[in-house]
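Please read through the structure below; I'll follow up with questions.
In this document, chain identifiers A, B and C correspond to the written order of the chains, with residue numbering beginning at 1 in each.
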Amino acid sequence: MRTKLSIATVRGEFLRQVEAISNENLLACNQCGKCSAGCPIASTMVDILPNQVIRLTQLGIEDVLDSQMIWACAACMNCVAHCPKGIDLPRIMEALRLVAMQKKGDRMAVNQVPLEALGEIPQLAIIGGFRKYTI
Amino acid sequence: MSIAYFPGCTLSTNAKGYDHSGREVARALDIPLTELPNWQCCGATFPLATDNSMAFIAPTRILAQAQKVDGHVTTLCAICFHVLRRTQYFLDHRPEMLERINWFTEEPYEGKMRVSHFLEILRDQITWKGVRERVTNPLKGLKVAPYYGCLLLRPQKEIGLDDSDNPRILHDCLNALGCEAVDFPYQDECCGSYLLVSKPELPQKLAESILLSARKHGAQAIVTACPLCQFNLDYPQRLGGGGHMAQGGLPVLYFTQLMAVALGLEPASWGMESHYIDPRPLFANPKG
Amino acid sequence: MVDRALVIGAGIAGIQASLDIANSGYEVVLVEKEPSIGGHMAQLSETFPTLDCSQCILTPRTVEVGHHENIQLYTYSEVESIDRDEPSGDFLVRIRRRAAYVNWDLCTGCGECQEKCPYKAESWFERGIGRRKVVYTLSPQAVPNKPVIDAEHCVYLQSKWELSAGRVPAAIGAKGNPAKPKCGACAKFCPTGAIDFDQQDTIIEERVGAVIVATGYDLFPMAKLPEYGGGRIPDVIDGLAFERLLAASGPTSGKVVRPSDGKVPREVVFIQCCGSRDPEHGMPYCSKICCMYTAKQAILYKHRVHDGQAYVFYIDVRAGGKGYEEFLNRAQVEDGVVYLRGKVSKLFREDGKIIVKGVDTLSSRMVEIEADLVVLATAVIPRIGNSRLAEVIGLTLDEQGCFNADNEEFNPMASNVPGVFLAGAALGSKDIPETVAQASGAAAKVLSLFQGRKLKDKVEAYE
């Protein structure tokens, strides 16, 4: 099944939104892959690589909002440290998460975290997690 | 001259040992810390969307509180440090955002706070030489791997605590205490952070690589500056000494705890009661 | 107005330009910073895409330059100042010839001094692969084949200067014998007495009518690539160092071995774009030649180590010249070089191997390779000396530090200063065919300047 590209997608509202929320120039990315090469999360188990998240967004393909990767970014900044174009991927991931949640609602609810875990897990994780997965 | 101290939520609950040992070390080194009255959580994550003014209110309020205490605020938690330091940088460069945020806080933040991590105070004010001179119980022969994690160092431009490609601050701290700082390639690889809440298998996997690498390079313990890193490395080892992961368990300590031991402070001030892998056996026979 | 040319830099660009002008009957003053000529091309093993032996195609030209009656060659020299003579427009050039501590008029190039010198030092020419003697020529085929003494590392000279500066006691020994400088082996064994420890720098003045700047390039320092070891891992080397491993006349006689333990590497990783295409940490531009020379090095490696495997991490492969695309295909098909599309995030040493963490975006896989040797294709950068030379001559530099052409598209060999022309990598990275073409282009500009003046004089004589 082919992905249809046109001005409406490649210069469409979706890309503009992500660029505005993140304040990043996504078109500067030439897909060198250094971000993916150093991503500790991508080396474990996600469906697409960070550079592919950027690629799909560059092309205005909104399916990227269904990927696991954007929810798995922990903003460790290993990508930012080495990106030759200085692109801040965590900001782009956050923008994508916000767009996704505006369309489809919160990603996580409190009752999803098992009660025993709530007692053991450091507050930082709970607050941080909920800030990223709810709006 | 007092330095405002922001403990943060986790240091007041799950990571009390970090807070306790930190305060004891500060006392022993004559660093005057004044806990901020009436503080609240910093937010735990630095807001990455550029227009998210609401999310900046919490850290700005902390800075506004701290400016009443001599213009300098410090913290032990690497995440709080990251949020406050980057917030300071952000507000410095976006005065219109500062103005907007001040509409929502009870007192306006003037914008001139100095935010530092406790390690910087040790390095720049006390100096590592000064620390070494106060060590009465040098931890000779103890091989400790310094685990920097991410938020203490990156992004280099805004944080500027150390060279993020080749950090030395924890190494220098360990050396000052008499330990042998063990270099290992996973020293600044992410532990998984808050993904613990949504995808707990991710931090578990990451912890495996970090612990294995540290062990491979001869570490007897790991030292960190972040309560979430400490948890993510300690917690997975709880089932029977860590199994293949660390062959009998690799204790994960806060640098202040190690300092408390080396400075000859009472075991009650070490704050080591609630680790999954108990680090106390390492110090069972104090070397004079 | 004098019809002589000054050529600054005797790499292949300077050599070609000098020969073109000299063979047309005009005199050339050729100034080279190093003790001998040939530039970086003399360090290479083979050239792409023909795989010609670099020395074999270079040496006939260097020898021609060395013997040419129209070329006045000053090596181990630098241009110190240039003044313009009005109204002739001639250039009054001051050249400083550094003290070599060897009298080249007496030296026969026999090589005894190099044999007998007991001390070695790092050689920029060998790029960390091998060391050379303190009294040295750059290579056995050096033109001129006369040595210089590296004063900084010369035990005799250093101790002599310490003594005369009073930094060590004047008398030593139980009998209070006067202290003498140590070593001096070269002087003892030189059959013609050519060693001259009291030699000084000399200043030479020349008058020329045109100048060609052909000062070449440098490489991005590995120290600026901390994620790739920062230059501290012995088995992570740059492209020119790998050339020295491949070169038959190099420090390992052409055996590809690991610098750390001398073993033959079975898995070699080549990483392209180290410092290139990187506005944040390095140079924003593409260095143009690395895709081709990396393919060449991977092919040559496979020819030397038949059961070895080469991997190349790339972003895009740039192979636009004649025969270049076919050369790349040959690397992948005939020599089984595995091309992985993606950059390497970091590498580190473990258990004697180099763990390389990269990605292949085409297959969407994070990859990890336990390499025996890693070769970094570091960015081609302008020489640090360019800014000083630009000031001396009045030239302008671009943002990165390369010389600006008068018009990059339409007048690329001319500079902003009338009578001064440019050629080769001093303008920006380029391969050998383009360099030679530019050198001849700059030479043609000079010849046309000289001929044009003659013609003008003739016309004026009629009027």
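Operating definition for what follows: a residue touches a chain if its C-beta (ideal position, glycine included) is under 8 Å from a C-beta of that chain, and two chains touch if they have at least 3 such contacts.
As the structure is a prediction and not an experimental result, all values here were calculated from the model.
Looking at contact counts per chain pair, the maximum sits at A-B. The central chain of the assembly on a C-alpha centroid basis is C. Mean C-alpha position of subunit B lies 48 Å from that of subunit C. Centre-to-centre separation of subunit A and subunit C, using mean CA positions: 46 Å. Centre to centre, using the average C-alpha position, subunit A and subunit B are separated by 26 Å.
Multi-chain contact residues of subunit C (touching two or more other chains): 227, 346. For subunit A, residues that reach two or more other chains under the stated contact definition are 78. The set of subunit B residues that touch two or more partner chains comprises 165. Subunit C meets subunit B in the complex at residues 226-227, 230, 346, 348, 350, 355.
Those residues of subunit A that touch subunit C in the complex are listed here as 30-39, 42-43, 48-49, 51-52, 78, 82-86.
On the side of subunit B, the complex with subunit A involves touching residues 8-10, 13-15, 41, 43-46, 48-51, 55, 77, 79, 150-151, 154-156, 164-165, 188-190, 192-202, 205-206, 227-228, 231, 235. For subunit B in complex with subunit C, the touching residues are 163, 165-166, 185, 216. If you check the complex, the residues on subunit A that touch subunit B are 21-23, 40-41, 44-45, 71-72, 74-78, 80-81, 88, 90-91, 93-95, 98, 107-108, 113, 117, 120-133.
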